[in-house]
Amino acid sequence: MHLLIFAILIPFFAAALIPLLYRRVGKLNIGWFVLIVPLILFIIFALRIPDISAGDTIASTLEWIPSLGINFSIYLDGLSLILALLITGMGSLVILYSIYYLSPYDSLPHFYAYLLLFMGAMLGVVLSDNLLVLYVFWELTSISSFLLIAFWFHRKNSRYGAQKSLLITVFGGFGMLAGFIMLHTMTDTFSVREIAATISQYTDHALFYPAMFLVLLGAFTKSAQFPFHIWLPDAMEAPTPVSAYLHSATMVKAGIYLVARFTPVFGGTSAWFWTVTLVGLVTLFWGSFCAVRQTDLKALLAYSTISQLGLIMSLFGMGSAALYFGDGSDGALYGLATFAALFHLVNHSTFKGALFMVVGIVDHQVGTRISGV
Amino acid sequence: METLIILLVGVLTAVAIYLVLSKSLIRVILGTAIFSHAVHLLILSMGGLKKGTVPLLGEEAPSYVDALPQALILTAIVISFAVTAFILVLAFRAYQELGTDDLEEMRGVNDE
Amino acid sequence: MSIREIIEFAGVLLILIGSIMAVISAIGILRLPDVYTRSHAATKSSTLAVLLSLIGTFIYFWASEDFISVRLLLGITFVFLTAPVAGHLITRAAYRSNVKLSESSTEDALENVIARPQNTDNKSGES
Amino acid sequence: MPAQFLINIMIAFLWTLLMDEDAFHISTFIGGYLTGIGILFLMHRFFGTKFYMIRVYSTIKLLLIFISELAQSSLLIMKQILSPKLNISPGIFTYEHSMEGDYELTTLALLLTLTPGSVVMEVSPDGKTFYIHAMDVEESRDSVLKSIKVFEKAIMEVTRG
Amino acid sequence: MMNNIVLLPMLLPILVGVVLIFLRAYGRVQAWFSIGVMAVSAGIAFYLLEQVQTNGILRLDFGGWEPPFGILFVADSFSLLLVLTTAIVATIILLYAMFSAGKFLQTTYFYPTILFLIAGVNGSFLTGDLFNLFVCFEVMLLSSYVLLTLGGNKRQLREAIKYVVINIVSSWFFLVALAYLYGAVGTLNMAHVSVRVAEAGQGPLLTTVSIIFLIVFSLKAGLLLYFWLPGSYSAPPAVTSALFGALLTKVGIYALFRVFSLIFYHQPEITHTIIGAMAALTLVGGSLGAIAFNDIRKIAAYNVVIAVGFILVGLAVSTPNAVEGAIYYLIHDMVIKALLFLLVGTIISLTGTAMLDKMSGLMKNYPLLGWSFFITMLSLAGVPPLSGFIGKVLVSEGAVESGSYGLLTLALLSSLFVLYSLLRIFKNSFWGETIVSKEDQVPLKKTLLIPCLLLVLLTVGLGLGTELISGYVTDAAETLLNPDIYIDAVMGGGES
Amino acid sequence: MKINDVILKTVSKAAVLIIFTFGIYLFLSGHNEPGGGFIGGLVLASAFVLLFLSHDSETISDAIPLDFKKISALGVLIAFASSTVPMFFGQPFMSQSFGYFDLPIFGKTELATVTVFEAGVALTVIGVVVNIIFSISEDE
Amino acid sequence: MIQTILTIALSLFCLAILLALYRIIVGPSMPDRVVALDMIGVNLISGVAVFSVVLHTHAFLEVILIVGILAFISTLALARFVERGDIVEHKRNN
């Protein structure tokens, strides 16, 4: 059992501690205490960079339901590490920002508890090797996103947006679950690595394509790909730090992470290539097109996020073309596309996060986020 | 004999269903009661109507009839008795509260 | 024919007479004009019919199996005791629930004693 | 009166014990009872009351009256039922009886109900008057009134000794 | 093998219930007695469960009559798991009843009736004889009639009449099916029936009989024939509907599982297909109903229907995974339906209305209640890692294995409808502007929350601690799938 | 004119005596002959019902101060408790045993544990039936 | 011989019951029906007695008394109901 398992659990414990802590801390802003959590996690993950870049991977298992093959299996490779760093890093910044952003009248312990919950869940998504555990964390991100969007639940729009996002992402989640179950039926394992290793035997299996599309359904709903992008603009009712953190930097990247994770599994087929690429491209154009018409700054940023997500998605799709055309994963096309996608992923997270925060500041100072008023 | 009883069961069931489908609650209750009798007869005939004496220790005879269906029917009679009694009380209470024993009209009564 | 068989036969004959009387009283139930007269048929001949057949049965068992059935005796007593009361109660109930006497009735001593509601077209109706 | 009966039972029981049998035999008991009747018949004057078997006799007589009335009335009813034309004139008439106590009253009412062509319909609240429905008023009033005296006497013989 | 202790889960509630009749005036004492007896039977059920793991299926022949004569109780893992869950859930519901019930309920034989109901439920789970099953059903139903009418407002009376008449008719159909079965195989001992059916082959006649059984149990379970369910489950007070929601339909489901896995398993292409179709229609109907109403009691009642459909998908598919999943889901559903109805009842008692559009912003005033409801909602929708998750995964996996993609789709979509229907409640009643001021708010008795929180803990615990019960569930599923285990255990002792 | 029920009352007194005797006989004969707790209980209950019908409920409650709900509960208790007893002797639930005893006067008599069970059943039936008749028929 | 007579007697009782049934159906007043019902009960008793003679068994003799009791009670209850509209009074007036 590896220390990293606790890295996932730390945010949950911290979230549970907040209500107790809040009573003790009193007037001191609790955000400062919360900030410690992502910072420590960031350092933990950063310390792994040398090992991982050297090509090592870390795997560890904590038993949950061994009789059914469902366990907390941690698997840390480059992809996971990048996202983990992104999550913890952006997390620290957003918490720092929100310390100043939120008014003391808001229910701070709730906010930070949700945020930590989300952080743990997201870490779980990117670090899990077991499909069902991944699904567990996947749904947890949806739930924490739901709670965060409806943070100001007395507003009608917040409730509407929260409900919409929850229903769509859970719908996708159920589809993805069905896909995972099909994968399990085919390969008799829940481990992503084992599936990727043995999937080549099953490409003719009747369940192969249904499983692929169902997994993609999950990825597309989470990453707000066309036509499931509609929840993202409504989710902008959330407090700005949340928008910055969940709805541009991290949670929406979960779908992309999934696509990246499953490229070795499904990437060798034309259907994968065409679906991912085309959906990505359509999302890219449609997002940009809609963004142009917006006057609300946050909505504009939301649509811009959608289009950027489409871009990253299509990049992964193109990368998989290399596998499809037999170029192999060592080829230049695959490497380049994947590199570009990952780079843009980080890139987008940082700049979009920054933009959101700026909009938040504008909103704060000017009192409106509608441009041209 | 079995055929006769089965026919009787059919007639009773038809009557019972006719009654159960009527509007008046008391007819419905009668219908369920008749239905229970039909079912008891059915059990009896399904056990097989054999020649023989009543299965009692006091009686001495070369053959006894199957005692199980009778035990079943006795239990079923007790249960149907209890249920019918309960629903009669219920119907009476409903009649007092709702002022009607017509099922159609009952539906029209507003909540609370 | 032994004595025993003769007694058996007598018992069976009693049963037969009882059954004939039962049918006659049942015809009476159909023919007589109103409840009150019908209850005569029901309480008298019918009771006698059942008593006869029960006694017949009793005698038969006694003769054929030397079996004195206390249950039958109890039953006879019970019917003998209750049948007139039943007739009494029914006629009383009928009168109090406004069942009319038949047309051919000549006398009604209760007319002025029991206050009967004065609606002529009552639901219970006449025969 | 009950005292005599009890004494009789006691004599019978004593008799059974004196016989010194292995088990209780009902025949011995009956024999004892019969002996007791004999003893009591001899002795009843010392008790100062009537011999109780007379009461038993009158009870049996009452029962016989009951049965014969029942047979008569049934025959009458059946005759009327089976006659091709119903030739009856039913009606209700009253009768004041001279019975006392619930048991006497009830017995009389039962008897009346079983007599030819009459049913006791009501009893007045004070219990003194019967309202009787008759199959054929004119005919049965006389017969009822006539036989009713007999009944009353028979009943009183039983209850009052 | 003779084990009198098998009887206790049914016997104890009856005995204590009877004793409670004499204690009519002492409401508190009654409550503690009933809670105590339920806790004890939970302990007994657990002990028996352990026994079954080591010694195999337990059996008790009444009066020492060897099977197939006489009536008997048979305890295998499946029944005992359900008995255990029943006992635990009932304990908690009784706790709620004690804190909430007014003087009126306590003095109208409320607790004895509940105990009789539970006795009937446990008896149905444990019996090994079809006629005895009927009797236990009737014990349960009679108590449920009484519970439904206690209090006796107009709505309750009206629904009770509907409920009683439907159940009477279906009970007589049960007897009709028993009669035909007896005529065909000459026995009613379940194991013996199974042997005879296997010997004679499940011909058209027996298949028809099995379909009558299917109809009867479907009526009780609310499978497709659920039209009576929403009304009667939403009419009575919270405690009663919690008991109904948690226990009553489950007995029907249990009977379906038992009969169609032990006796009529020879013609799955007919019977199990029909079950599948019925389950599918139930899922659709339940989902539509759940989102169509504004009355939160109705919504909760329709959720019962959906769950029934979901569990029966497991039976229709009948692969090892599916059956195992169905058992997990059954246990989960007993816990969570009790919780749901208790919460709904609490909400209604706090707001004084059952209409969604008339309540708002409860979260501010009653945060703990709100979070309980939130977790309930997620658990019902099968969101991990709560208790509904593992059952859902396994049933879905069974559906995938057997190629029933339609059922799979419906099952997963129905979860979404569950989520949506409860989300509506959560969104409307807990979120939004708080319309009741601090002064006007009805105080929520802290004690009422204790049972709710216990159930919440249970659902979370069942989710995280699935491994703890997985051994039992696997054993239960194995027994269900291999009727020979059951038959050997029952018929082994006597003549065969 | 007020209703005078004197005939009914007198006759029903006699009838109730007959019914009671018969009911107890039925109850005791249930071993080898038709009868037993249930049937005996029903007959006994009908005696009570007859009393209630011929008199009014208050008179009867004064004369026979029994709570019929509690009687039925007591009956269930007796029936189940007597069935439980064999469990303490290692016998299965509901096991019955009987033996022949020489009692004074009665001679050789059969005593069976089932009689206790039957007594419970009879009490239950009496209580339940009387209760039901009561709740259906009693005026407000 | 005996069997024939008994069969005839039995069928005559059945006939009587059917005739009374006709009266129950036709009415016209409630007491009429009660009278007929009472009669059916009485005839049933006789029928059972004859039946047990036919079958040479004592097993049905209890039935006679039970039917008698039930017939009496039901007649009584029905008569009361017709008369006063209730069956069990709480407190008698006199």
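As written, the chain order gives the labels A, B, C, D, E, F and G, with residue 1 at the start of each chain.
As a working rule, a residue touches a chain if its C-beta (ideal position, glycine included) is under 8 Å from a C-beta of that chain, and two chains touch if they have at least 3 such contacts.
In UniProt terms the chains read F = Na(+)/H(+) antiporter subunit B.
These figures come from a predicted structure and were not determined experimentally.
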| remark: Hopping only between chains that touch, the fewest steps from chain C to chain F number 1
| task | Please remove chain A from consideration and report which sets of chains remain connected through touching. | result | one piece
| task | Could you tell me which chain lies farthest from chain G when each chain's centre is the average position of its Cα atoms? | result | A
| said: Of the chains shown, whose Cα centre falls closest to the middle of all protein Cα atoms? | reply: E
| query | Which chain pair is joined by more contacting C-beta pairs, E-F or A-E? | reply | A-E
| message | With centres defined as the mean C-alpha position, give me the chain F-chain G separation in Å. | response | 24
| query | CA centre of chain C versus CA centre of chain G: separation in Å? | reply | 10
| note | The distance between the C-alpha centres of chain E and chain G, rounded to whole Å, is 47
| request: Mind pulling the residue numbers of chain F that touch at least two other chains? | output: 1-3, 7-8, 11, 15, 22, 33-34, 136
| task | Any chance you could list the residues of chain D touching two or more other chains? | result | 109-110, 120, 122, 124-125
| field | In the complex with chain F, residue positions of chain C that touch it | value | 71, 74, 77-78, 81-82, 85, 88-89, 92, 96, 113-115
| Contact footprint of chain F on chain E as seen in their complex | 2, 4, 7, 11, 14-15, 18-19, 21-22, 60-64
| Touch list for chain C against partner chain G, complex | 8-9, 12-13, 15-16, 18-20, 22-23, 25-27, 29-30, 35, 38-39, 42, 46-47, 49-50, 53-54, 56-57, 60-61, 64, 67, 69, 71-72, 74-75, 78-79, 82-83, 85-86, 89-94, 96-97, 99, 124-127
| Can you list the chain F residues touching chain E in their complex? | 69-70, 73-74, 76-77, 80-81, 84, 87, 91-96
| query | Quick one: in the complex, what on chain F touches chain B? | reply | 31-34, 38, 128, 132, 135-136
